[in-house]
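Presented below are the structures under discussion, each in the form of C-alpha cells.
One chain, chain A, appears in both complexes that follow, with chain B as partner in the first and chain C in the second.
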Partner chain A sequence: MSTEIAGGTALVPPAALDTEGGGRRLRRFAPFLPAAFILIGLFFVPLAIMFVFSLWDTNENLDVVPRWSLDNYINFFSNTTYVRSLGKTMIMGAAVTVACLVTAFAVAYFLARYVSRRWARLALLFIIVPFWTSYLLRVYSWQAILGEKGALNQLLMGLGLISEPSRLFVYNDMGTFIVLVYVYVPFAALVLYASLERFDFTQLTAAQDLGASPARAFRHVLLPQIRPGLITACIFVFIPILGEFLTPSMVGGASGLLIANLVANFFKNALIPEGAAVGFLIAAFVLVLLIIFRKYLRVEDVYTRG
Partner chain B sequence: MTMADQQLSRRRFLQASGAVGATLGLGGVTAACSVVGTQGGTFNWMTWGDHWIQEQLDAIEASDSITTNISELAGNAEGFAKLKEVKGQLDKMSGDALWVPDAYNKEGLIEAFDINELEVASQLFPFARQFPIWTTPEGYLGYPFGWSPISIYYDPANVTGDPDSWEVLLDPKYKGKVVVENQPEEIVAYMARAAGFDQPYDLTDDQLATVKGLLEQLKPNVLRLAQQATDSVNAMISGEAWLITGNIGNEDRVKDGGGPEIKGFIPKEGTVAWQDAEMIVKEGENKALILPFLEKSQQAENIAQNFLVHGRPLFNEKAYQLLVDQGEKDRADRYHYNEAEDILGVSVLKGPGTSTEKSIQLFNEIFG
Partner chain C sequence: MPVSRYARPTRWVLRLWFWALLVFLYVPIVFMIAFSFDESATPGLPIQGPTLHWYDVMLHNRQLLRAVGNTVTVAAIVAILATIIGTMAAFVLVRGGLRRPNATRIAFTLPIMIPGVLIGVSLLIFFARATDLPLSLGTVIAGQLVVTVPFVVLIVASRLQGFDRSLEWAAADLGASPRQAVRHIILPLIAPAILAGALISVTLSIDEFVITWFTVGSQPTLPTYIYTKVKFGVTPEVNAVATVMLVATLLIFGIASFVLGRWRRLPGRRRAKAA
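What follows is the complex of A and B.
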C-alpha cells in the first residue's frame, strides 16, 4: 500500500516495508556475498583451523594428534631466541615503516605540490614499474647489487671510499632493511600521494600568514589532514613485513632472519602445530594492531580524504 | 538515477556476475574433463627438481602419451606429511633411504612391487635391486635413483691445511665464510656426526646438548642458509663462501660456473648420506602409469643425461658404461659413480628418527 503525493514520489508505510523489504534487502546484500565468502571462508575459517592446530601436538611419526594444550605457546614464550626473533621482526617492521614513510612522503609531497597532475601520474607509473617484475627476481637483483662483488661495492671501491669489498649491506639486518624499504616504498608513496593530492596547499600559506612557522603549519595543518593516508601507509607497510620470508632468507644471512622464517622452518619440517602457534601469534598481533589503527581511522576517511 | 534504474542496474549486475561465474565454472569443468580424457593419462608426482628433465618427459609424452604433473618436494618430512594428507591425489613420490620403509611403508602409503618385472631394472647395479632396507615379502619398496654423501667443499686458496674434519666449519678463522643448505634436520645430523654420535637422527637429550654447543660455534661462521643447492654453489663461485656443504660433484659445478678450483672431502668422523627412490602411492588414482613410466624414464640414456646435467651419482650401471663410452669416465669416477656400495656402507643413511622434532626445535633455537 502506498500513497501518491505531488511530484510522483510514493510514500510507503513502514509496515509494508517490513513485509516487502525482506527479499529486497537480501537482494541488496547479494553483491557482498563474494566478499563475505572470501572473508569468512578464506580468512576466518582457516584462522580458526590454525588456532585449533596450534593447540594440538605432533607425535614422533610427524602426525598431528589432538592432544589439547598450550604447550606450543608456552614453548614459544619460554624460548628466548623465538621471543627475540619476534621482537626483532617488530623493530624491523617499525624501522622499515618509518623509512618508507619519510622517503615516500618526500616524493609524494614534491609530486603533489610542484608537479602537474599529468606528470605526477607519469612519475607514479615509474614508481610502480618494479612491480611488473617478480618479487623473487627483484630480491635476487639486490643480492647481486649488495653482494661482495656487487655494484655497490664496485662503486665504493671505484670512488676510493673502501679498499676491499664490504659486507656491511648484505647478509645481515642492514641487507634486510634496505631491500624491504625498496620493496615497500611504492605502496607508501601511492597512498600518500592520493592523500596529498586532495590537500589544499594554500592552507599552509594561510597558516604562515597568520604567524605559524613552516614546521608548525606542517604539524598542525598538513599532518592532521593526511592522517588517514599516513595510517593506511603504515598498515600497508608494517603488517606485510611481519610475514616477510623471502627477503630475510635471501639477503638477511644467518643472523638476519625474521619470525616468518621460523614459521617456514616449522612447516617445512611437518611441525604443523608449532608453526600454527607462531603463525597465530603473528595474526593476533596484527589484529590488535588493526584495532588500534581503527581507532584513528574511519573507513570513509580513506575515500574522502585519501 | 531513479529507484527503478538502481534496481535494474543491480539486477543487471547480478546477472552479469552470474554469467561470469557460470562461464568460469563451465570452463573449469571443461578443462578438468580434457585432462581426465587424455589418452595414456597424467599422473601426479611429488619429487625433487633433479629427478626429471623436461626434454625426457616430452619424449615420453610423445611416445607413450604419459604426462606428468609435478609438484616440488622440499624435504622428506614435508613430503611424508603431505602424502598423509592427500593420499590418492599423488601417484608417485620420491623419498630418501630409511624414510621409505620407516615412514611411507610403515604408514601404509606406498605399494611394493616386483622390481625384476621391470626390464629397465636389469640396468641397475645388482646391489641396488637388493637393498635390505627396501626389501619386504611383498616386494621392493622403491625404484632406486640417485645417491650422495654430504661432503665439505672448500676453496684451497683461502682454506689452508688440507682439512679432513667437520671441525673446519667451526674454525673462527672462517667467520662468515660458510654457506650451508637450510635443512635443519641434516645440519643437526652432521653436527652430531662431528661430535662422534653414530645415530644422528636418534639423539638423546645429552647428545642434543652437545650438538647445541657445536651449532653455536657454527652460527657465526655461516654467512647464510642456502635455500637450495645451487645457492651454495653460487656463493662459492662468487667468492662469498670459502666452505660449503653439499652433494658429490660441487667441484665441477663451481668450476663450470666460472668459480675457483675447489676441493671436497668426506669428513673423517663420518657423514650422512641420501639414496633416493621412486615410490608408487598405494591409493594413487593413476598408479597404473608408474611402472610403464619408470620403464622409459629410467633408461640408461636418460640417466646418463641426468648425471651430466645434475652431477651426482645414480644407481644405473649401464649409464656408467654409456658415460665411459661418451668420454665422461673421469667425471663419473671422480663422482664415485661406481662406488655406491662402499661409500653408502660407511655413511648414516637419511631417515626419520626419534629426535626429529627436537632436532628441528634445536636448530630453530640457534638460527631462529
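What follows is the complex of A and C.
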C-alpha cells in the first residue's frame, strides 16, 4: 500500500529499526551461527577430513596412519574394475538423464500447451506425489515387479510372449536404469513444465507463418527459451546418480553396481583411505559441475513447486 | 493458420505418453498396497486374499515398532531444529548480516546437491576418527540436519527476498518495536515458507536412508531397519509398513497443500508479492 503513496520518493527505513551500536554487526550475525556451525562443522570439515584421509594410508591393523602419498588415487586409476565402474556410472547417468528429459519434456509440453493451467497443475501434483513417498520402498516394490517371479514376467508369460521367466529386467543394468528413470523423472517434469509454462506457444505459429518448418521453429524459437530449464533438469538428474548406491544394490545385482557402491564397500571393509579417495573424486567432479552451472541451481524453486 | 496435419496425431501421442507416465509412476505403489493384502508369503501374482495378516504381524513386531519410534523421534527433533536454525540464518542472509550473501547461498545449496553417500561417509569418518563420538540417534540427527537446514534456509530466504519491507517500516512508524514488527508483521507473512521448510524437513527425515545408513548406531530408523530386512530375506510385512507410511506421507502432503493453499489466498501475502 505504501509503495503507491510513496510514488517517486525514496522510502527511508525508520530510525527505530536501525539499532546502532558497538556490537551491531556481531549481533546481527549471531542468529546465523548455528546454521554456520552445521554447514562448516558437519559438512565442509568432514569433507576436508575425507580429503586428508584419501592422502593417507592404513597399516596392517587397518588403522589410518598419516603417511602422505597419492597412492590411493594411483591405485584407483590403475585398477580396470574401478575405472570401468566409474565409466559405467557416467554412461548410466547420461542414459538416465536423456531418458528422463525426453519423457518429461513430452509430458511437460503436452501439459503446458494442450491442457488448461488448472488441470496441468493437478496433473503435475500427481506426478510429484510418488517422489514424496519413501524412496527405499519404491525401489523395493520394483524388485517385486521386475524380479524373476515378478509381476512383469508373469504378465508376459500370461500373454504368451515368453515361455519362461526372463531375467532381462532385474539384477542387471536394465533394472537399475528403469528404477533410476522412475525415481528422477518427476523432478525433470517439474522443472521443464515450469519453463514451458512461461513460453508463449503462439511464437511457434508465428515462426511457421514466416516460413519456418515445425522442426526449425522448435529448434530456433522454443529450445533457446527453455534452455535454463533443460540445464537445471540435467544437473538435478545427473548429479544424484553419481551418488546412487541404494538402487544398484537392490535391483542392479552383482554386475550392476555403480561407483557409489564402490565407496560404500570400501567403507564396509574398513578401507577408509581407499574409499575416501573415490569419494573425493566424486565430490570434486560434482563440485566442478555445480560451479560451472551455479546460475541454474534454484533448489528452493524445484522443491517448493507442485 | 498453418496447422500441420500432424498436429492432431501428435497431440494424441502426447496424451497417451502422459497417461503412460502416470501408470509407470503409480504401478509400484499400487503393487505395494496390493501385496500388503496378499495371503501368500512370497508376494506375486495373482494376489490371494485379501488378508490383514501382515498388518497384524507388523503390529506385533517389537523391533519394527521401535524403529518407527526412533524415526518419529528423529524426525520431530530434526524438523524443529532445522526450522529454527534455518529461519534464523535466512534472516541474516537476506537482511545483510553477511559480507557475501551470494556465495553463502551457493554454499547452502552444496549439501543438497552433493550426493548423500559422500555426506554419509565423510560424517562416518568425522564421528569415528576425529571426534570419538559413538554412533547413535544423536549422530543421525546431526547428519540429517546437514541436508534439512539448507532447505529451510533457501526456502525462507527466497520468501524474505520478495518481502515488501515498507510493511515493516510502516509498523515501526506506527510505533511497533522491532520485536513486535517481527512477531506481528514478518512472521505471519513468511509463515507459509517456514511451514513448507518444516514439512520438507519432516518428509526428508522420515525417508532419509543414505546419510542415516552411515551415521546410525545400534538403534535403527525405519528405513535402515527395512533395508536390512529386505536385504536378507522376504518379509511381506514390509509391504504393510510401506502402505501405512504412504498413507501417512499423503496425509502430511495433503494437509500441507491445503494449509498452504489457504495461506496463499490471504491478502497480505499477495500484496507482499506484488511489490
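Keep this in mind: the second predicted complex is superposed on the first by the 245 of 306 C-alpha atoms of A that agree within 3 Å, B and C clash if a C-alpha of one lies under 4 Å from a C-alpha of the other, contacts with A are read in each partner's own complex, and residues count from 1 in each chain.
By definition in this document, contacts are C-beta pairs under 8 Å (C-beta built on N, C-alpha and C of every residue); 3 or more make two chains touch, one makes a residue touch a chain.
A quick note: this is a predicted structure, and the numbers were derived from the prediction, not measured.
Visitor: Where does A:67 make contact in the superposed view: on chain B (first), on chain C (second), on both, or on neither?
Guide: neither
Visitor: If we overlay the two complexes on their shared chain A, which of chain B and chain C does A:149 touch? Say first, second, both or neither.
Guide: In the superposition, A:149 touches chain B and chain C alike.
Visitor: Quick one: classify A:269 as touching chain B (first), chain C (second), both or neither.
Guide: first
Visitor: So, A:214: does it touch chain B (first), chain C (second), both, or neither?
Guide: After superposing on A, A:214 lies in contact with chain C but is clear of chain B.
Visitor: Applying the document's definition of touch, where does A:31 land relative to chain B and chain C: first, second, both, or neither?
Guide: both
Visitor: Should A:171 be classified as contacting the first partner (chain B), the second (chain C), both, or neither?
Guide: first
Visitor: See if chain A has more residues touched by chain B or by chain C, and give me that chain.
Guide: The larger set of chain A residues in touch belongs to C.
Visitor: Would you sort A:121 into first (chain B), second (chain C), both or neither based on which partner it touches?
Guide: It touches nothing on chain B or chain C.
Visitor: Enumerate the residues of chain A that count as touching chain B in its complex and touching chain C in the other.
Guide: The overlap between the chain B and chain C interfaces on chain A comprises residues 28, 31, 34, 149, 250, 267, 272.
Visitor: What residues of chain A sit close enough to touch chain C in their complex?
Guide: Contacts found on chain A: 1-3, 6, 11, 13-14, 16-17, 19, 25, 28-29, 31-32, 34-36, 38-39, 42-43, 45-47, 49-50, 53, 64, 103, 106-107, 109-111, 114, 123, 125-127, 129-130, 132-138, 140-145, 149-151, 154-155, 182, 185-186, 189, 205, 208-209, 214, 235, 239-240, 242-246, 250, 260, 263-264, 267, 272, 275-276, 279, 282-283, 286-287, 290, 294, 297, 299-301, 303-304.
Visitor: For chain C, which residues count as touching chain A in their complex?
Guide: Per the stated touch rule, the residues are 1-2, 4, 6, 11, 14-15, 17-18, 21-22, 24-29, 31-32, 35, 42-45, 85-86, 88-89, 91-93, 95-98, 106-119, 121-126, 129-130, 142-143, 145-146, 149-151, 153-155, 157-158, 164-170, 172-173, 177-178, 181, 193, 196, 200, 203, 206-207, 209-210, 214, 223, 226-227, 230-231, 238, 242, 245-246, 249-250, 253, 257, 271, 275.
Visitor: Help me check something: in the complex, which residues belonging to chain A touch chain B?
Guide: So the residues of chain A touching chain B come out as 27-28, 30-31, 34, 58, 60-63, 75, 79, 81-82, 85, 147-149, 167, 171, 249-250, 252-255, 257, 261-262, 265-272, 274.
Visitor: Okay, in this complex, where on chain B does chain A touch?
Guide: Residues 10, 13-14, 17, 74-75, 77-78, 80-81, 84, 103, 106-107, 176, 182, 184-185, 219, 222-225, 227, 238-240, 352, 354, 356-357, 360-361, 363-368 of chain B touch chain A in their complex.
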